[in-house]
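Going by the order they are written in, the chains are A, B, C and D; count residues from 1 in each one.
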Amino acid sequence: MKPDVLDVKDLKVYYHTPRGAVKAVDGVSFQLFAEERLGLVGESGSGKTTSAMALLRMIKAPGKIEGGEIWLEGADQVLARHGGKNGNGQYAKGGKVNLQTLTDEQMVSLRLSAIALIAQGSMNSLNPVMRIRDQIADGYQDHGYKLTKQELKERTADLLNRVGLRPSVADMYPHELSGGMKLRVCIAIAISLSPKVILADEPTSALDVVVQRQVMETLRRVQEELGASVLLVGHDMGLMAQAVDRLGVMYAGKMAEVSPVHDIFTKPLHPYAQLLIASLPSLDVKGEFKGIPGLPPSLLEDIPGCPFAPRCPYKMERCEVEKPILKEVAPNRHVACFLVEGAK
Amino acid sequence: MTALLEARHVTKIFGGGFFTKSYTTALENFSMTIENDPPSVTAVVGESGSGKTTLARLLLGLVEPTRGQVLYKGEDLRKIGGRERRVFRRDVQVIFQDPFEVYNPFYKVDHVLTTPIEKFGLAKSRQERDSLVVQVLEAVGLRPEETLGRHPHQLSGGQRQRIMVARALLLRPRVILADEPVSMIDASLRATILGSLLKLNQEFGISILYITHDLTTAYQVSENIVVLYRGNVCETGDVELVVKKPLHPYTRLLVGSVPLPDVNRRWAAEAPASSIGQKADPNKGCRFANRCPNAMEKCIRETPPLYRVDEKRAASCYLYDDKPQLRSEDMMEVFIKGTPRLKTVVGVQ
Amino acid sequence: MADVVALSGTATDYAVKKDTWGNVRRYLRRNPSLLVGMFLLFCLLAFWLVGSAVYDTSRAAALSVPDTVHPPSAEYPLGTDRIGRDIMAVMIQGTMLTLRIGLIAGILGVSVGTIVAFLGGYYRGWFDTLLKGIVDVGLTIPGMLILIIIAVNIKDQGLTVDQMGLVVAIYSWLWPARTIRSQVLTMRERTWVEVARLSGVSGPEIIFKEILPNLMPYMLASLVGSVSSAILASIGLETLGLGPMAAPTLGMTIYWVIFYSAMLRGYYWWWMPPIAIIVVLFVGLFMVSMGLDELANPRLRRGV
Amino acid sequence: MPLDYVLRRFAVFVVVVWAAATLNFLLPKTTGVDPVSQKLMQEATRGGYIQQGMTQMMQVYREKFGLDKPLWQQYLTYMNDLIHLDFNYSISQYPKKVIEIIRDSIWWTIGLLLSTTILEFLLGSLAGALMAWPKSPKWLGYIFTPFLTLSAVPYYLLGLVLVYIFGFQLRWLPMFGGYTPGTFIGLDPRSLLDIASHALLPALSLILSAIGFWALGMRSMMVTVQGEDYMILAEAKGLKDNTLLYKYALRNAILPQVTSLAIALGYVVSGAVLVEVVFAYPGIGNLLYLAIRNMDYFVIQGIVMLIIFAIATTTLILDLALPLLDPRITYKGAS
């Protein structure tokens, strides 16, 4: 097992609304191993995007990161190079830094250089009035890379080439590019400073299925060349099955199950994962596919037991009273459910 | 027998105003008939820009074709007015894509149900109207006390979309055009909504035209399928065959690109695009030539006609130019006929 | 993030609370300027109401043989001007007259603008293109100049306050026509209008029952804007001497102040009150329109 | 810059100027009685030195615009004169041509208007942007709120107050006029200083009132822009705060601001006219005021036409400049 690059412990992010605190992310823990592709799947309101944005400390008011630790590998080299004032981050566990202890200024210097984002809705993530080459260059400039015009030109051409785009794209404006090309530019930007971790927040949700596959393959190739890890956030289970090594299923702000993708699709442990996978239409057999009755719970109320209890076919009394904790029930399989825990 | 709803050689071109020279051809020489007896479920699949939404708006009479006609019971929509238009309006209904955009924010959700009842005079008294609303809500699996009297923003996307299905059911249409009805709904709720759509077909004998970009739901729901690519039909016929053994290179690419939730079947490796294809002019010859791995010289010159490859399938590709040609208005001949069913009469009429 | 918060809403407040009053209170807390603005306007109205009841406003008329200028005294609380008018009376009447011009032009402007916006915006066709042309060209030409040309030509026939309102109205419908038309155009493309059309609702019914209710807040905001720009235009014209010469409106007072260069002569009581009242009037209207801003364009809507 | 965009903008320009000219011509005609000839007769009967000039001018006027002539013929002669910038004679300052009077005072207005408009637009927009930017200093918001309310007050009233305080009471600045009367003004430093001191108060009243207007517009645009997707990615790229503010947020928010500048030109010019009246500043605004008082029709028509022409030209220039700021405007091909 490769060493972990990212270690999230008990992350909590609440949105303070007039009607009370919405617990969008309520104690989520997971690890991202080196050169691994981890999927984070969940329906709307499950807190998957909030978790990703919390890693970059980009939670906008009224949201606030209430607690938890985010240990990131490779952050110390970046901070050192940035001459950050000795960075009071606790350097433990082989050079990992707890992002929560960093100042805002240090956190900014880590974005793109240590942990990069491929934003949701890549269709308009690029500055509409700036040429592509400038949007790649300002990443370098603002992170202290002193490059001559020529060096910049070469790096930009190389980046575009690695994501399958002609160098002439550098002089174009975003509105002159197709959806797929815009996403490739976003990937080029994300890898420009060779980060350790790449966060992809539903990058292909607006693309057609043919273009989606081509771009996902480019992302895979580029990630392997770079030796970076990818955290892919999304709601399309099919895409997850094809594109990630390990999959985390989130429900109502908590992690229901984290397992290798092969295990979770062949034998899902958590009831929600089971129902979710069962409800997916397939191209093989024209069967009766059924949905999951009921509605996800409100994140305002303090739910005593397991949030999925009201919709869970295997509900026990214990589920309504006690909160299940994420435990390793099988090699590398973590589940938060009493039913499964019992049958270890 | 004249078809209930028919598009005959319909072409729709947008743009081309006084100054702007650029125009886009959304749909080109498209023909299709939708029957109600027996009630059928047909899927129209295509990427964004394939013209599938334009087709829906043409069949609904919201937009007029640049060339060709849209016929309701054999009569051109443009000539239908007054009372006859109301009958057409009641026979052909729609379910739109975005559950957040279909409700007038000023009113409660009931408005979207009470308005058609009022306009089409479906209920004599207020009491009859309310019972009709309750009936259709329950028919789509919604509890009236949890949905009525609420503003749209107080309901989830799934609930809102099911109310739209109930609205369609209310008018007892012969045909429902569902334009991407579940693409904005979470996976778990998607099945329930598609289930209630199927129920309209099986229990109430309403034909469904299911328009989507998602091949998997199309396969699950429909009997026949039309695959559109940039305004042209590239393959059509029995959905089972089209999905399992695709003929047209684009359909193959489409089926191969669908990310299946099955870890044993990995994404098929992509075949390299051919060199001839690069030279293709996107507005002449086969629209798919510039991306087609087996593009031939012929493909670049003129648009391939529809070839009837076998009893239940047709494809417009020169790979099958040895097969008999099929005129675009006879496309229906390859469709498998729906199992005729007695139109089950439920209390609601 | 939006769906997280939205979802939290659906699950808890199933019971529909009929608390429009609660919403209004929350809205006012978010936009205090609305309250301040209304308070200022209310003061002006009160000043006019109480004034005309208590004070003899006939003294606002110019005396045939103007005697000397009186500084503020017991008899003339705000003194008199060169043409023998009692400034206090002029202020009381003037406030109302200027407001009247503003309201005539504003309301007329918004209503004509709305009708035109709906007919053009919804039904499109040649009428819309013709209209759009008139509005776009009209707005490029500064209103003040057009009004000057009009006023110059009807100046010698004399002008009453209401006619002044009509003159200003000639130009004041252009801006609401453009802004409301763009709203109608966006509303018209919305899916729920198509749903209404497919539910058998006729054109006019769609305008009145589907589109108009959603535009109410926007039209209220543009009414306030239209009234304030109408008052601005009317005072401008009057300052140039193109207003109702005999009427004691605030703008005419400014004209006479400049005409007789009251400033140089130190008649502070002649020019300070009109300016004070006009400033209160405009600041009040400005505060109200700022307060309505969030209502008018929701994209500014802050808070959850 | 694609040709059809330029042609379209130029067509709009021509239509605006033509519409203004036609309006200028037709409006006096609508009231049945021809006010111009009435005024001429009135002047003619007054006798005295300018008496025969007046009758001679009436002859010329009757020939060209006599009521007996068909309307369209009058219209053609009017248009012909217009193109040659011949606005006829000034009635009150006969035999001076209208165009000569305008030419003397146009420079004062251009000087005052150009400098203040540019200054207030830039200052206002920058202030508005900084007020909406979370990381900008808090005190900026406090000192700027009064400016926002100030923007509600009409320019010229502000002018009156400023004249009273700085001119009348404190005597720091001259109260009226464009230069010290009786002195010869050239381009030498002394007269430049003299002009500047006279222009300060009018300029101040224009700027103080307009800064709030521009700041408001910019602030609401910045709020919208900060919600855009590209701002999220820009922040995720760890860019410096200044880059985010100037190269991303402000760069996009300025586009609608420039469009609203084109729309607001009419408002700005009308304000300037009245400011000139209050300060007796020797620009065409004051000229217009005097012409109105003397009912000097040709001068009024001449000035109005000129102002409209100037605004139409500025709008054309702004329209042509906009694509340089926003490449999407002239982008033709299918995406």
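One rule holds for everything that comes next: a contact is a pair of C-beta atoms (placed from the backbone, for glycine too) under 8 Å apart; a residue touches a chain by one contact, two chains touch by 3 or more.
None of the values given here were measured: they were computed from a predicted structure.
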Set of chains whose contacts include both subunit D and subunit B: A, C
Geometric centre: closest chain by C-alpha means: C
Which of A-D and C-D has more C-beta contact pairs: C-D
Whole-Å gap separating subunit C and subunit D, where each centre is the average of the chain's CA atoms: 23
Centroid distance [mean C-alpha coordinates] between subunit C and subunit A, Å: 52
Chain centre separation in whole Å, for subunit D relative to subunit A (CA means): 54
Cα-centroid distance, subunit A relative to subunit B, in whole angstrom: 34
Sequence positions of subunit B contacting 2 or more other chains: 156
Residue numbers of subunit A (touch at least two other chains): 44, 295
Subunit C residues counted as touching two or more neighbouring chains: 6-7, 9-10, 13
Touch list for subunit C against partner subunit B, complex: 6-7, 9-10, 13-14, 16, 190-192, 194-201, 210, 213-214
Contact footprint of subunit B on subunit A as seen in their complex: 43-44, 208-210, 212-214, 217, 235-243, 261-262, 265-266, 275-277, 279-284, 286-287, 289-293, 295
Parts of subunit D lying in touch with subunit C, wherever the complex brings them together: 12, 15-16, 19-20, 23-24, 27-28, 30-31, 35, 38, 148-149, 151-154, 156-157, 160-161, 163-164, 168, 175, 220, 223-224, 227, 263, 265-267, 269-270, 273-274, 277-278, 288-289, 292-293, 295, 297, 300-301, 304, 307-308, 311-312, 315
Contact set on subunit A toward subunit D in their complex: 56, 58, 108-113, 116-117, 119-121, 123-130, 138-139, 142-143, 173, 175-178, 186, 189
Touching residues (chain side subunit D, partner subunit A) in the complex: 228-230, 232-240, 243, 247-248, 251-252, 255, 325-328, 331, 333, 335
